[in-house]
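Pasting a structure below so you can have a look.
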Amino acid sequence: MAGLSVVLLAAFSALLALAAPSLAGDPDMLQDLCVADYKSLEGPLRLNGFPCKRPENVTATDFYSDVMSLPGNIGNPVGSATVAANVEKVPGLNTLGVSMSRVDYAPWGVNPPHTHPRATEMLFVLEGSLDVGFVTTAGKHFTRTVYKGGVFVFPRGLVHFQKNNSGVPAIAISVFNSQLPGTQSLAEAMPVASLPEPTDVLVRALQIDSGATVHVV
Amino acid sequence: MAGLSVVLLAAFSALLALAAPSLAGDPDMLQDLCVADYKSLEGPLRLNGFPCKRPENVTATDFYSDVMSLPGNIGNPVGSATVAANVEKVPGLNTLGVSMSRVDYAPWGVNPPHTHPRATEMLFVLEGSLDVGFVTTAGKHFTRTVYKGGVFVFPRGLVHFQKNNSGVPAIAISVFNSQLPGTQSLAEAMPVASLPEPTDVLVRALQIDSGATVHVV
Amino acid sequence: MAGLSVVLLAAFSALLALAAPSLAGDPDMLQDLCVADYKSLEGPLRLNGFPCKRPENVTATDFYSDVMSLPGNIGNPVGSATVAANVEKVPGLNTLGVSMSRVDYAPWGVNPPHTHPRATEMLFVLEGSLDVGFVTTAGKHFTRTVYKGGVFVFPRGLVHFQKNNSGVPAIAISVFNSQLPGTQSLAEAMPVASLPEPTDVLVRALQIDSGATVHVV
Amino acid sequence: MAGLSVVLLAAFSALLALAAPSLAGDPDMLQDLCVADYKSLEGPLRLNGFPCKRPENVTATDFYSDVMSLPGNIGNPVGSATVAANVEKVPGLNTLGVSMSRVDYAPWGVNPPHTHPRATEMLFVLEGSLDVGFVTTAGKHFTRTVYKGGVFVFPRGLVHFQKNNSGVPAIAISVFNSQLPGTQSLAEAMPVASLPEPTDVLVRALQIDSGATVHVV
Amino acid sequence: MAGLSVVLLAAFSALLALAAPSLAGDPDMLQDLCVADYKSLEGPLRLNGFPCKRPENVTATDFYSDVMSLPGNIGNPVGSATVAANVEKVPGLNTLGVSMSRVDYAPWGVNPPHTHPRATEMLFVLEGSLDVGFVTTAGKHFTRTVYKGGVFVFPRGLVHFQKNNSGVPAIAISVFNSQLPGTQSLAEAMPVASLPEPTDVLVRALQIDSGATVHVV
Amino acid sequence: MAGLSVVLLAAFSALLALAAPSLAGDPDMLQDLCVADYKSLEGPLRLNGFPCKRPENVTATDFYSDVMSLPGNIGNPVGSATVAANVEKVPGLNTLGVSMSRVDYAPWGVNPPHTHPRATEMLFVLEGSLDVGFVTTAGKHFTRTVYKGGVFVFPRGLVHFQKNNSGVPAIAISVFNSQLPGTQSLAEAMPVASLPEPTDVLVRALQIDSGATVHVV
């Protein structure tokens, strides 16, 4: 069992590197604009979201970003990389309830099973083709192949994944009804590191006896 | 003045051809899925949104569409065409509060000033470059050029536009935090056809005397 | 065309004088009261809405205003004046999601086409009678005459107007489901001042050739 | 005690006659319009709100009402009468989250303590002057006199009242951020009729011994 | 009449002792956590809710409380005591829209008629049995007996009560869809202390002549 | 690898038996009550939530249930059983945004890692003591022991678990700000059954080579 724990903990670090920061939601707007003032992050307190810059300090650049113009580094174990244009990169998104990201996939690369706790995702395939799917809380699986130019929807809060189904790179543009949707990976869902005898929980959850072992190459 | 009215009415028909249907919003989800049942449109009553298909009739295809894989027809007076992947095309979007659209621009083409009454828009430039801008309710203008790979935000309900600033075609992917954001064009904002002496309202609004004339080529 | 630009820019200044500040919405209440503390406007940061006064400093006067007891100045080009009792005048409205305004109309005066980006408006005719109307995002016009004691509804985000249809002054009481609904006038919707060659956008939008001219008395 | 019960039961019927129907709220809009189809009330099921008329059946009159042009009958024990222009009278208000009412007051007439469970109220004094007030959940009272042309705010869900403080009639226009706010009077708050020995609850609530009596003229 | 006022004022103080603080609601979450920083209460301004602790200062204890492990003091006139585990006791509840409370009842004890302005309540009977009920805004009463292990629902904003219907103590666990639902008791609904001649309002509301008297043992 | 898949598929069936139906949310209330009419489930269409019974058919029993008075069957592989009092059992909860459940734990029993996509959970320990925890989207773990009478909060959408940390049975009462929160278990998060070569996704997600094996006793 310890062997499996080690493997999972290794997977954690790999997947945590892909996890977006933990914000998400869709606030009520009380004004046209509430451009995030990042300086407030230095203060002692935080808000649910961000406070706003003074109007006289807001410029068109607060609503712009070129962060999605280049791919992320797909040289990682899962073979995919996400670059997010969210409220942490585009301060003008604060209170507006929407954001985007770009996902690049190596040949046969995978964006592993994960959830966005507070956003629905809609994915547009820009290059290549993907096998995608999600699972409902009743355990029903919806999966299909999405080709270049196609879109697919992952409902709010449900576990979903994408997999490049060919030997050529793929690119997707994803959109969220949240200024910072957050990402919780399946690996993080295994609280191995968090209990007095953590493996007990995993053993009961996966119905594996304590003698189970996993061999890693 | 009558001349101007005629011109505007002509502009209406051109722009109305581009107007998306009039739905928009972000409902509260009471279940994982509420896939729109288009058959309900034949009934005597309508809902705010759509009723749901029975779960046993839902398939992965309800969450998929290839409508954005081809450009719209940009052979129109303004030189742009929008193809929307919203709840009218992707029934699985019902109650999920998000949608996308693809906008193609002819050289120097314009997506004329318009609003989305109940959605914020985030635009990603896929090809070419665009001059974009929006106006706040205080009358402040925010404009800039967005190059390939760049994003820009148009806050909910505010008038905005895009213009292809070069002689080569351009393409944008727009996203909305609404299942069907709706589009109200500036021309529709002129209620020329709606009063006993409609031109009076326009004259007062634009501060033009009744003798004003506009020559059309 | 330059002539028209000049006229429109003149119209802007006239209409901007009527534009309410750019706030609107309907927040979630987390407490009975959150009376706006205007002093916070002096600080470096702003919120989406206002912070609250300390409870011990709140008095009944925070929920009261007599600002609507007198008419605004209707001596302007459009012949109407709006006096708003919103969160900027009644601090107790903060977080409560409602506000009112009084509109006075000169004989044949017009409240020009405009939108409230984040509020529905319901209008009550206190004196005189008005021709009113709004336009849906599908371009359908709904208009009628409203007599003294009558009410009419302008749905959230849609362009609407009122016109005094007689030679005697008129008064209306308008209500909004927002603490500060904001107003975006049709004229502001024309981004003449915001592009390298702004008139291009207008020409494409209105389908007017560059030779068009407008004569002003 | 029984005597007091009788008196209260008498008060109920008087106050119930003033109670508005029990709806209130502020839904999410998924389309420009969802005009209530009253015919649906004949069906076996109801919705949270109303279903919509088919768009082709909607007319400008759906957004209009003259119900507030005449006063209600103030010939009742409390000396006030409310006429509401809500979604039951103005079908176009459905899903739009706002409504109005007109309150007429006899000399020294009272609109007795009541709550609107799901709406904030803002009151405009059209004629005369009123003593008004509300109570917070912490038991703090906010009261003052509002003169002709003045406004006052009653925060969502809190008990409030108005009293004509002079010997001449008064009129108020009230607005709500709900399509049908509902009214729960103080008298209804006493569940005298609802228990095996109802007076027990009242005795414990009011700390009155069973021997208490009230003499009615 | 003065006698009744005195009795009511006495009841106020008894009931005020039971009133929870005046907060309630269900905000939009923009991040996983926004743990209330109580230190902010020392500052000059307040928010709608609380600002958040810096993430590095959050611990598991912020999400824990044992306040409900002991009963409140039921040695009061009404014979019930409420202990709340809300955002004022569990800082981790801030922005999460839920809270609980424990109610202990003396034999035949009453939780007097009250409302929670911004929350629905669901009650679970842990020990004993209760007669419970609520009243709709249309004045319809819904009441029944709930035995050990049973649950009952009190819809948002409506007046409701519970009464121990036996000679043995009872305990209930109540839950709310608000981080701090607030409680407004029926007694607070009587603004006796808030007008120049307060008793006038009560006389008109209860239809009692000024000569009415109440004898207290 | 195939071995592990088999084990996981076995775990699925065990965990699926514990999964609550897939509804959750917090709607806007437009009326006091909208009691779910279960008969509507026989019709061709479904709503987001339920339609309402006609008011004349609503009784107090619609707001009552004794389903939580008895434990579920804990004779299952994970050693815990959940009994839910949600809108499927208590029709009066429809549109009210709250529900409860009872969880019974065998000695050392586990409620395996899971999420509620659209609700925050607050747990009250009725008997025994539990080790509990949740994981943020940033991968931070918050865990502790909760003793009899203690409460703990699991923020909306985040993976969490409970484990009976002793040899005696335990009982918890959980509450949700949703009428039907839904449950997605960790096992369902592994889409083993949903791809052409499903194990590939798992291999990439867990970083296990295809030669990995798991021995089951």
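Which chain is which? They are A, B, C, D, E and F, in the order written, and residues in each are numbered from 1.
Convention: a residue touches a chain if its C-beta (ideal position, glycine included) is under 8 Å from a C-beta of that chain, and two chains touch if they have at least 3 such contacts.
Keep in mind it's a predicted model, so treat the numbers as computed, not measured.
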Of A-F and A-C, whichever chain pair has more C-beta contact pairs:
A-F
Which of these pairs, B-C, C-E or C-D, matches B-F in more than half of the residue pairs in contact?
C-E
Between subunit D and subunit B, distance of the C-alpha-averaged centres to the nearest whole Å
40
Where the CA atoms of subunit E average out and where those of subunit F average out, how many Å apart are those spots?
29
In whole angstrom, how far does the Cα centroid of subunit B sit from the Cα centroid of subunit E?
48
Check: subunit C positions touching at least 2 other chains come out as 22, 24, 26-29, 32-33, 47, 49, 117-118, 133, 136-138, 143, 156-158, 182
Chain pairs satisfying touch are A-B, A-C, A-E, A-F, B-C, B-D, B-F, C-D, C-E, D-E, D-F, E-F
Contact residues on subunit D for subunit C in the complex?
26, 29, 32-33, 55, 58-61, 63-70, 85, 90, 92-93, 96-100, 120-122, 124, 126, 133, 136-138, 142-144, 146-158, 173, 175-177
Touching subunit B in the complex, subunit C uses residues 7-8, 10-12, 14-16, 19-22, 24, 77-79, 108-110, 112-113, 115, 117-118, 131, 133, 135-139, 141, 143, 156-159, 161, 163, 165, 182-184, 186-191, 193-196, 200-201, 204-209, 211-217
Residue numbers of subunit C touching subunit A in their complex, please.
22-28, 44-49, 117-118, 179-180, 182
For a test of understanding, state which residues of subunit E touch subunit A in their complex under the given definition.
27-34, 37, 39-40, 47, 49, 51-55, 94-95
